[in-house]
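The following pair of complexes shares a single chain, chain A, combined with chain B in the former and chain C in the latter.
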Partner chain A sequence: MELRGTGDLAVVIERATGSVQILDTSSRTSIGQVKGLGDLSHASIVYSRDARYAYVFGRDGGLTKIDILEQKIVKRVIQSGNSIGGAISQDGRLLAVSNYTPGGVKVFNSSTLELIADIPAVGNNGLRSKVVGLVDAPGQQFVFSLYDAGEIWIVDFSDGKPEIRKFTDIGLLPYDGLISGNGRFYIAGLFGEDGLALLDLWNIQDGVKRILSDYGKGQRKMPVYKMPHLEGWAITDNYAFLPAVGRNTVLVVDRNTWKEVKQIPVHGQPIFVMSRPDGRQVWVNYAFPNNDTVEVIDTLTLEKMKTLKPGKAVLHMEFTPRGEHVWISARDNNWIKVFDTDTFEVLTTLPAKKPSGIFMSSRAHQTGL
Partner chain B sequence: MLPMRKLKIIIMQLKRICRRDFLFALIFVCGTSAVTAEITEARQAELLNLLRQDCGSCHGMTLKGGLGPALTPDALATKSGEMLVQTIIGGRPGTPMPPWAPFLSQEEAWWLVNILKEGTGVVAQP
Partner chain C sequence: MELRGTGDLAVVIERATGSVQILDTSSRTSIGQVKGLGDLSHASIVYSRDARYAYVFGRDGGLTKIDILEQKIVKRVIQSGNSIGGAISQDGRLLAVSNYTPGGVKVFNSSTLELIADIPAVGNNGLRSKVVGLVDAPGQQFVFSLYDAGEIWIVDFSDGKPEIRKFTDIGLLPYDGLISGNGRFYIAGLFGEDGLALLDLWNIQDGVKRILSDYGKGQRKMPVYKMPHLEGWAITDNYAFLPAVGRNTVLVVDRNTWKEVKQIPVHGQPIFVMSRPDGRQVWVNYAFPNNDTVEVIDTLTLEKMKTLKPGKAVLHMEFTPRGEHVWISARDNNWIKVFDTDTFEVLTTLPAKKPSGIFMSSRAHQTGL
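Let's turn to the complex of A and B:
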């Protein structure tokens, strides 16, 4: 094998065939495919801190470690019946996986995939809960939400053993969570009621606060055809841009006061609302049946500046680390399109089978990704 | 003796009844709705894609469950077709299950329910 770095590589999930493609984002080509990853209908990836290994979390509870240079599976375990995502610890040694069935979090040694801790998510109500919104946080911590129980838990591994801190009654049906890029704020979206649950990890004695609790009152909600994702929430210098649940709206919130600044009407129910790495633009994709469209918001004027039609069933967008390009997957066209983020020109179209998430190796060095 | 013309009409009626009974038998045996024939092949492909991809985003592409419950034949065995059709068409208030009425007819929902109960809607994972 010719010597090369991994810093410009990416992995894209091919959800229908249980495979991934390895992409070179400099030459903008596919350089290989790895098969045999099981049910990837809702899959995500984190990277080892040397950015050589990609850990794929599959819907069927499969956890697979892939060597993206050698393009092969290093190790694969089925760790639960049904999982939703994972995270890697600050020091890169621990992998945490959040599971629906049985509900809980399992923590593995990232080099061997040996089980280190099994944390059943039994809420205050005594019932086992699905776990969503699992992220890593500074200080060898993992933070996640209990969907059925309405709780947020912090698991701290700084002493080697898991120490759990629980926050109960945080709101009804938290469906996803995110952590701000600096690792300070954990925010859970609530499906069962209006508003969001905010935990300030720099001031955890203050507990979980409700923000934007007035949002949506008095208006009839539309049915939600796909749950929005919070990961990759756009947080720029002054604002956070959030997908409104069940509305064709992007919310702009002052990131100091967490008060709403503006509602931007958009093409559909937003799924991903993602900031270009420099924060100058926010890109938005939409739920069925408006999922053929991507819109770009100017973060100075807070107005839409561009509408793009990348293909049928746009599932994900991933920026190159410095933001000059964005890679967009269109599931039902079986392609990935690469856009220039200044000219909005299509630079490349690559074939992929039912592509969903695109994960660049630069995630290896970002908290919460 | 019946005139030839009348005989022909009776035979035609008999044939129609037979065909209807045959269709009823099909419904009974296969659990397939008579309206299947009216859903074009192209539309069936669309419905299957919707089932796997869009229903699959909550129920899992292999329909073994996710944020939403499993939709495997075992999981649905005790649920009536009417209830399932109603859930698809009207959604389930208080849960994330939305009403699919804007995108599906009653007949198409029945078609999907039959597919689900038979377990023929999902391709095996490679």
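Let's turn to the complex of A and C:
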């Protein structure tokens, strides 16, 4: 292997084959593949702070450390029966994994994958809960939600051992969570009722508040093909752009008051609503049966400006860190397309086996991804 | 040389010896030195998009491409008589350098350092002007100011060749410029009059506006030991924190209206007023004779929360990308200190010869640095 920088590399999940491809986003080529990663049907990735190692969280509870320079598995552990995602601490030394079965969070040394802490998610109701919406936050913290118990927990590792702070009765069945890019606001989506739970980490004494009380399935109980992802929510200078649940709508919300500013009609039930890094555009993909389409919203006019058809079953979009390109995976076409975000031209099409999430190594330097 | 990731590397300028050190911000050690870079008395650095190459812009007009993995100079050109700084295009392919003598901007291929465009800065007054405040902006643009002519120019390379848009009569003697982190607002500081010139790149048809009409030396014409740097201006969710010119004050300004919210009295004339990446703290260093001190401002209370004495002649501060540490150079102590931004503890002290700017490789992924 030759020396090379790791700032322009990416990893894409090939969900059907338990493999990943390593991509070079400068030459826009695939430079390798790593196999043997288990069930990747709902997998995600975080990066070491030197952007050399990718940690893959698999649905089967597998946690795999990949060396993207040597293109090989460094270590792999099966850490639970069923996991949903993970996060890496601010200093890069701790990996936290959120688990469904048994419900809880396990924390590992990111260098050795040795277990450091095992935190069972036993809620105020005395029952063990699934854990969802796990994110990292500044100050060596992890924040997550207890699905069955309706709680949000903060675990602080700044003194080396876990110190837990619990917020109970935050709402029924939190199913996912996100943290704002600066690591201040943690928001949990609720499956069991309308509204969202907001925790301001700069003012935790204020506790969890309910915002956007209309947000959710509402009275009409529309069929929801897939609950939208929260992680991708676009938060720009003035607005947050949110996928409405079960409706062909993107909601524009004032970022300071959390009041609705506008409803933008779109092509389908939105899944990811993602901001180009400069905030000038928001890109949206959709649930089945409208998942062949991506639409682009102009964040100044709050109108749709472009419709694209990247392929069948568009699962994920990842912007280059400075926003000039976006990489889009189309599962059922077995390809990834790279678009210029200015001209909307397709620059490259790369083959991949049932591609889903695309993760660029610049994530190493960001909070809450 | 062994394989290694480049996400956690940094380069520090050693101004007296024309050298740089390469730093590992994970182990907090120096891993090498590169010499022969000419006059680095006012030098800056940008990174290639793979975070392998550092481009050093020297005061003597030297432009040097350093391989931080192999720790050697790849190529060095003397591109003008006297230069002040540079920027790298959104796609990483173009390097722009701003020059005093002769005044203008030269644009190079970042791979080969071949000259691609030479843009003399001849203002509306027919005279060739010094160029200052050069930054990159989304859409393959560079933005800069003409000191003598009082103009702001945008050069757009999205079609391969430069297309120039000029804004004249923007104010007297713009001496520096900055662009907001999202690449939207370009602000030039004025040496010849009070106020600042603001260009909204999302609405360029509105032209350049004057903001903060009191900002500057004002009526009293205090002795100004050193004009503050604009690049480091802290722009958080709600506020911008600005160094007052010639006064022992940090100004807090509403980010939407550009009206002053508060004046915070500080220890000296501020030079850099920099936000921790999460926006929870603002760190300030000072001009001579108060340049042994750094103060930290709490951005919720808008009060000073900590005073530090990192050494004699504190020239620069650089946060790790996720904000857990800050690296501070103290020129006259010949050292760099690494502080924990939570506990304010000194984690490491590293020797360096007259250190000034510290540049982390994660800058590769950011706009306008």
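Keep in mind that, in the parts below, the second predicted complex is superposed on the first by the 364 of 369 C-alpha atoms of A that agree within 3 Å, B and C clash if a C-alpha of one lies under 4 Å from a C-alpha of the other, contacts with A are read in each partner's own complex, and residues count from 1 in each chain.
Here, a contact is a pair of C-beta atoms (placed from the backbone, for glycine too) under 8 Å apart; a residue touches a chain by one contact, two chains touch by 3 or more.
What you are looking at is a predicted structure, and each value in this text was computed from that prediction instead of being measured.
Trainee: If we overlay the two complexes on their shared chain A, which of chain B and chain C does A:Arg280 touch? Say first, second, both or neither.
Mentor: Only chain C is touched by A:Arg280; chain B is not.
Trainee: Is A:His365 touching anything from chain B or chain C once the two structures are fitted on A? First, second, both or neither.
Mentor: second
Trainee: In the superposed arrangement, does chain B or chain C reach more residues of chain A?
Mentor: C
Trainee: One more residue to check, A:Ile73. First (chain B), second (chain C), both or neither?
Mentor: Touch partners of A:Ile73: none, neither chain B nor chain C.
Trainee: Look at A:Asp342 in the shared chain and tell me whether it touches chain B only, chain C only, both, or neither; answer first, second, both or neither.
Mentor: Only chain C is touched by A:Asp342; chain B is not.
Trainee: For A:Ile31, using the defined touch cut-off, is the partner it touches chain B, chain C, both, or neither? Pick first, second, both or neither.
Mentor: Touch partners of A:Ile31: none, neither chain B nor chain C.
Trainee: Counting only touches as set out at the top, which of chain B and chain C does A:Val122 meet: first, second, both, neither?
Mentor: Once the two structures are laid over each other on A, A:Val122 reaches no partner at all.
Trainee: Which partner does A:Leu302 reach: the first (chain B), the second (chain C), both, or neither?
Mentor: In the superposition, A:Leu302 touches no partner, neither chain B nor chain C.
Trainee: Output check: A:Val261 vs chain B and chain C. Expected answer is one of first, second, both, neither. What do you get?
Mentor: Neither partner.
Trainee: Taking the contacts chain A makes with chain B in one complex and with chain C in the other, which residues are shared?
Mentor: In chain A, no position sits in both the chain B and chain C interfaces.
Trainee: List the residues on chain A that touch chain B in their complex, please.
Mentor: Listed in rising order, the residues are 15-19, 35-36, 38-42, 59-60, 81-82, 84, 100-101, 130, 132, 147, 173, 175, 191-192, 223-227, 288-289, 313, 331-332, 354.
Trainee: Would you tell me which residues of chain C are touching chain A in their complex?
Mentor: The touching residues are 1, 3-9, 25-26, 47-53, 69-70, 90-92, 138-140, 158, 182-184, 202-203, 236-238, 256, 277-280, 300, 321-324, 342, 361-362, 364-367.
Trainee: Give every residue of chain B touching chain A within the complex, in rising order.
Mentor: Checking each residue of chain B against chain A gives 49, 52-54, 56-58, 60-62, 64-67, 91, 94, 96, 98-99, 103, 123, 125-126.
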